[in-house]
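Both of the next two complexes hold chain A, though its partner changes from chain B to chain C.
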Partner chain A sequence: MSGPDAIGEGNNKTRDAVLTAVAAVVFAAALWLASSNLDGYKLRIINLIAINAILGLSLNLIYGMTGMFSLGHAGFMAIGAYVSALLILSPEQKTTMWILEPIAPWLLNVRAPFVVSLAAAGLAAAFFGWLVALPVLRLGGDYLGIATLGFSEIIRILITNLTPITNGSLGLKGIPAHTDIRMSYGCLAVVLFCMVRLMRSNFGNVLRAVRDDEIAARTMGIDTFRTRVLAFTLGCFGGGLGGALMGNLITTIDPKMFMITQTYSLLMIVVVGGLGSITGSIVGAVVVTTMLEWLRFVENPVTIGGVNIPGIPGMRMVIFSLLLIVVIIFRREGIMGMREFSWSRLFRGGSGGGGRR
Partner chain B sequence: MGIKMSFDMFMQHFINAVGLGSLYGLIAIGYTMVYGILRLINFAHGDIFMLGAYFVFFATVSYKLPWAFGVLAAIAGATLCGLLVDRIAYRPLRNAPRISALISAIGVSFFIENLSVVVFSGMPRPVVQPPLLMKAFSIGGVRLVPLALLVPAISFALAAGLLWLIYRTRSGLAMRSISHDIETTRLMGVSVDRIIALTFALGSALAAVAGIMWALRYPRVEPFMGIIPGFKAFIAAVFGGIGSIPGAMLGGLSLGFVEIMSIAFFPKLSGYRDAFAFILLILILLVKPTGLMGEKLEDKI
Partner chain C sequence: MRKLLPALLICLLAAGGAFAADDVVKIGFFNCLTGQNAFGGQLELEGAQLALSEIPEVLGKKIELVVVDNKSDKTEAANAVARLIERDKVNAVIGTYGSALAMAGGEVAEAAKIPVMGTSCTNPLVTQNKRYYFRACFIDPFQGSGAAAYAYKTLNFKKAALLVDVANDYSVGLGSFFKQSFEKLGGEIVSEMKYNSGDQDFTAQLTEIISKNPDIVFLPAYFAEGAIVLKQAKELGATFRFMGGDAMDNPEIVTLGGDAVEGFLHTTFAYDPSMKDMNPVAQKFTENWKAKYPDKEPNVNAALGYDAFILVIDAIKRAGSAEPEKIRDALEATKDVPTVTGLTTLNETHDAEKELGIVEIRDGKKQFIGTITP
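After this line comes the complex of A and B, so read on.
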């Protein structure tokens, strides 16, 4: 069983490699132009797209590739964001920020460069993900949804209460804005590369086998428990990485930022893009991130033809959640289904994005 | 270390624990029934609980209906919402992959919460407690309000009634049959969709009752009030043995006791109160994954 992207491989490999390289250069140039010409708000959205794509890809590894239901990504993001921020902030910043209780002494002087803090963020999130997965996935994963939902809430409780470490509900401020276009898209490129290689490897086949028919996979000699734990842990790594990038983009983090709503937006990215499609998660990140920004208009008052319509606070999320239900009921496969982008499909079919819309 | 306490104080906590636990149990029943039949975690169940509380709030405070009417109207309204959730969000996905139904469930839950923010406003609202239920009296040295005794009494009565329905009526037989084998049950001429709808209706009605009693005990309502109790009640259902109604009550009571007693003896832990349920879940999954009273659910091939 080879991935759907195997169709175009073979005689056109060189052409595809060249095309991919050209596309990457064009895209990088476009980003470079954007970063020197666009205003801060637009740049922030462009950065958010990359971060959401990383988060969407990591959640898709859990949902779409392995067929597990997790609601804990906000919690893993929180772990990543806090680990990274605590490593980056300077001792002076830390002493002035902890007002309620002094910071734990061992934490005061711990410092690391940004890239190291990103890796640490991912590893910490992966470690906690592994801890949750071990007992819960033993049962085949039915309770993973509820256990991760609970875990994500508990992380918030811990962050709020462990004031010497996290500064409690006040959160952390003044995190240096290390996340720029270069950094966020660089990380996205690395994550994307790893995901594509992973899904083309034999492990990718094992994941699909576990997702499609657990009993058959077990009969083939696959250790479904280990496979699931590994995929989940990898997904959590992505969650921690994304959270760290997010913290360094927004420069302020507090426990309220990582509510379950955060997980819903990521879920939306994966579902809209297509469960099980790497291309889908990228498309989903673009669509959902821009849509969430665009939807802000329903919460602002507008004047149409002299009639003043007051904005309805909270309406954005109503529309958003309704869309999630509509997509899952009427177009379960999302935009991409399980298809992937490939050059030959693009040339053959002529329809953009490599598939039927 | 923990604090020493008198017998009277212990009894006070004991009664609190039974009250809270029976509320968890009442919510847990709805989870356990739906999971037993459809293997679906009905994430919207906690929101039906919230709607029940809101409906009684509007009926009695805004429309000044008498309490009895208000309660009945709230139960009817919440039951209708539960039925709509099943009809709109779950029934079209009966034959879809399980993950689709779960995503639909979380989507519906998210939708109800956000719609409630828009319709009811996100501000918490205070609930007026009927003075009759709050008139304190004391037995021995224990001070009590009638509500504290009424909550467990109603909860246990409803659970008993439900058990009768499930083991002594034809609809109950059909429910038990569906949880064993949905296809065979369909072949036997049972209208499966109607029985599933009945399951949702019963679960939602119980959740509404729990919501109303919750709003009286902790006198306020807000759109997100269902998330944490719902999450805990599901864990109570797993702890007691998913699929089992006595198990759901037992799990709810256990959780109520763990929460109240650990804070009573170790007041420093009160900030971590919501974490106990999660720890309980991990423990039971490690030690006895089928729960206290559950049977192993066989893999459906």
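After this line comes the complex of A and C, so read on.
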């Protein structure tokens, strides 16, 4: 586990800060090079990694760091995606798209720039997260999972039926493709910075205390309910932000995108990476996103020694699931476990290196 | 050895890439081969593959069909089209079942300026304001008004009810266009009920509809739910008729619904293996299909997969070039091309204009009644 390093000397701190800054610059340069040299397909995957990392981090804050088993992330993504899309679309686009029922008049002329819409998306999701948290977070464990799952379904059904506002099941299309490398990694950097600072602060310790033993934490005078509500709301902000970025990457959204399977795939990223590890969520996002695309080659028809084997669709999902099973059998705590990447571990030649920060 | 294996794999992949030559026309194919819409996507793929085996070459070059699965998922659909265009460098793309997936993929193709031929994505929004997206199918408003005209004029029904799947864009769209046309013709919609995809119990909605005593109920459902609705309506003693859209066009419906589907009507594309006076293309398609897939009945999805392929190849021939921009221009000029589902003309919104077929289930079998042109 990381946290404030009690024995860390001043020397090491400056060294680490410099190394972090250098790594950030190198990484930014690599991204800049990538965005001008790689093709659209690869850039799309790189973009998706950032979005999945944001979503994974925000779910990890709720589940991994604070120990609240939430299955509602897809619902908060939906709120973010819709808020952002409705703010970006032009009035002309809106009138042509609402073919079943006319759009609500107050919504027609509401517009905001992309960055503002991202903030609004996060805030809207956080607000709904807070509303849900008040009654629901009195539950714990599996009950909380079921309650949040129900809430995410309610959001989806509301979106399906509020046709004048959301265009119902027809969904929205033609959202300008604002999510580029700069945007998605800019957001990821901000989210990452906030997460690292948060987890190193005393509040991070409070969160861990609540997760590890709620009764003990309460005995020590921690208002556990307030702590959990705060963590949940922050996590929902990330969910809304990620949803908005996702909508602007795919350029079209509809309620079916935000089914429970969306939450499962985020959960997969968090669990494979390591519950409670910031580095883990990022490693998880990289591994899951790239593997799913990279494994496509197993579905192609192959000719080996004159024998033609036709491609079997769905094969990559089989192999991917096998890989997941292997990870869970041999590393039950995920790739990173609860460890974090740190420079000193890297120099000591410890086993925890590999991620980036 | 452990280190050798990845190296070996990379060599194999590289070797595979090296064989790709210039004298090949690459057609990308993205569709739902897995996931919830897999039954439709698979049939469309088999239809396209049948067409490929009949037309293996165009302009003296070999045609290669590059198939990518979109898992019935929007993010994957966008990735799949990006992969076809950037990595496989296809000249044109065919796909997909499911309008939401077509919209996600269409945006990528639009940016890359590669023409796409949709198979069975019938939502009007798919081709709206798109320069590069076309489709081999007609659109929901067309089918909705055709069904309304048939119910009102031919069957002389004046009172209709709707039972619509609110979670399904196809169902909502088709239902709403049926309602508009039916009311315009002078008919009355006596009841509008809703359900959600995956529901199993429709007795509440059906009881309400029965109390309003309509002549016909329009049911724009997918066949899985549609069959259950028909079963439960029979159990409740409903006497009115039911009518559905092309998504009910699946051989499974009789298996699922048993004798409850007797007398069920649905609109569809102008093709069915039970058709009496088939056009020559449809005849050839049916014969070749039965030879290639003897244990499978062809249906409209298979026919549309086949048609989409034919339309793209036709455009390449007329363009005299496999350049994406020229294929696009030729596609725009598509007029009266003979396809399985009738003569196909692509109109100014890039949607196919073709006849609408009417099918009725009689004696546990699909019977093609005839075609109408709304």
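Note that in this section the second predicted complex is superposed on the first by the 301 of 357 C-alpha atoms of A that agree within 3 Å, B and C clash if a C-alpha of one lies under 4 Å from a C-alpha of the other, contacts with A are read in each partner's own complex, and residues count from 1 in each chain.
Heads up, the rule we're going with is that a contact is a pair of C-beta atoms (placed from the backbone, for glycine too) under 8 Å apart; a residue touches a chain by one contact, two chains touch by 3 or more.
Just so it is clear, the model here is predicted, and its values are computed rather than measured.
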{"item": "Chain B versus chain C as contact partner of A:I215, first or second or both or neither", "value": "first"}
{"item": "Touched partner set for A:A119, first chain B, second chain C, both or neither", "value": "neither"}
{"item": "Which of chain B and chain C A:V136 touches, first, second, both or neither", "value": "first"}
{"item": "Partner chain in contact with A:G150 - chain B first, chain C second, else both or neither", "value": "first"}
{"item": "Which superposed partner A:N161 touches (first chain B, second chain C, both, neither)", "value": "both"}
{"item": "A:E293 touches, of chain B and chain C: first, second, both or neither?", "value": "second"}
{"item": "First (chain B), second (chain C), both or neither touched by A:P313", "value": "both"}
{"item": "Residues of chain A that lie at the interface with chain B and also at the interface with chain C", "value": "157, 160-161, 313-314, 317"}
{"item": "Chain A - residues contacting chain B, complex", "value": "63, 67-69, 71, 135-136, 138-139, 142-143, 145-147, 149-151, 153-154, 157-158, 160-161, 215, 260-261, 264, 267, 271, 275, 312-315, 317-318, 320-322, 324-325, 328-329, 332"}
{"item": "Residue ranges of chain B in contact with chain A within the complex", "value": "39, 41, 43, 88-89, 92-93, 96-100, 102-104, 106-108, 110-111, 114-115, 117-118, 122, 227-228, 231, 234-235, 238, 271-272, 274-275, 277-278, 281-282, 285-286, 289, 299, 301"}
{"item": "Contact set on chain C toward chain A in their complex", "value": "13, 16, 33-34, 38, 42, 67-69, 71, 74-75, 78-79, 82-83, 85-87, 100, 103-104, 107-108, 111-112, 123-125, 128-129, 166-169, 171-173, 176, 196"}
{"item": "Residue ranges of chain A in contact with chain C within the complex", "value": "39-42, 44-45, 48, 96-97, 99-100, 157, 160-161, 168-171, 173-174, 177, 246, 249-257, 293, 296-297, 299, 302, 311, 313-314, 317"}
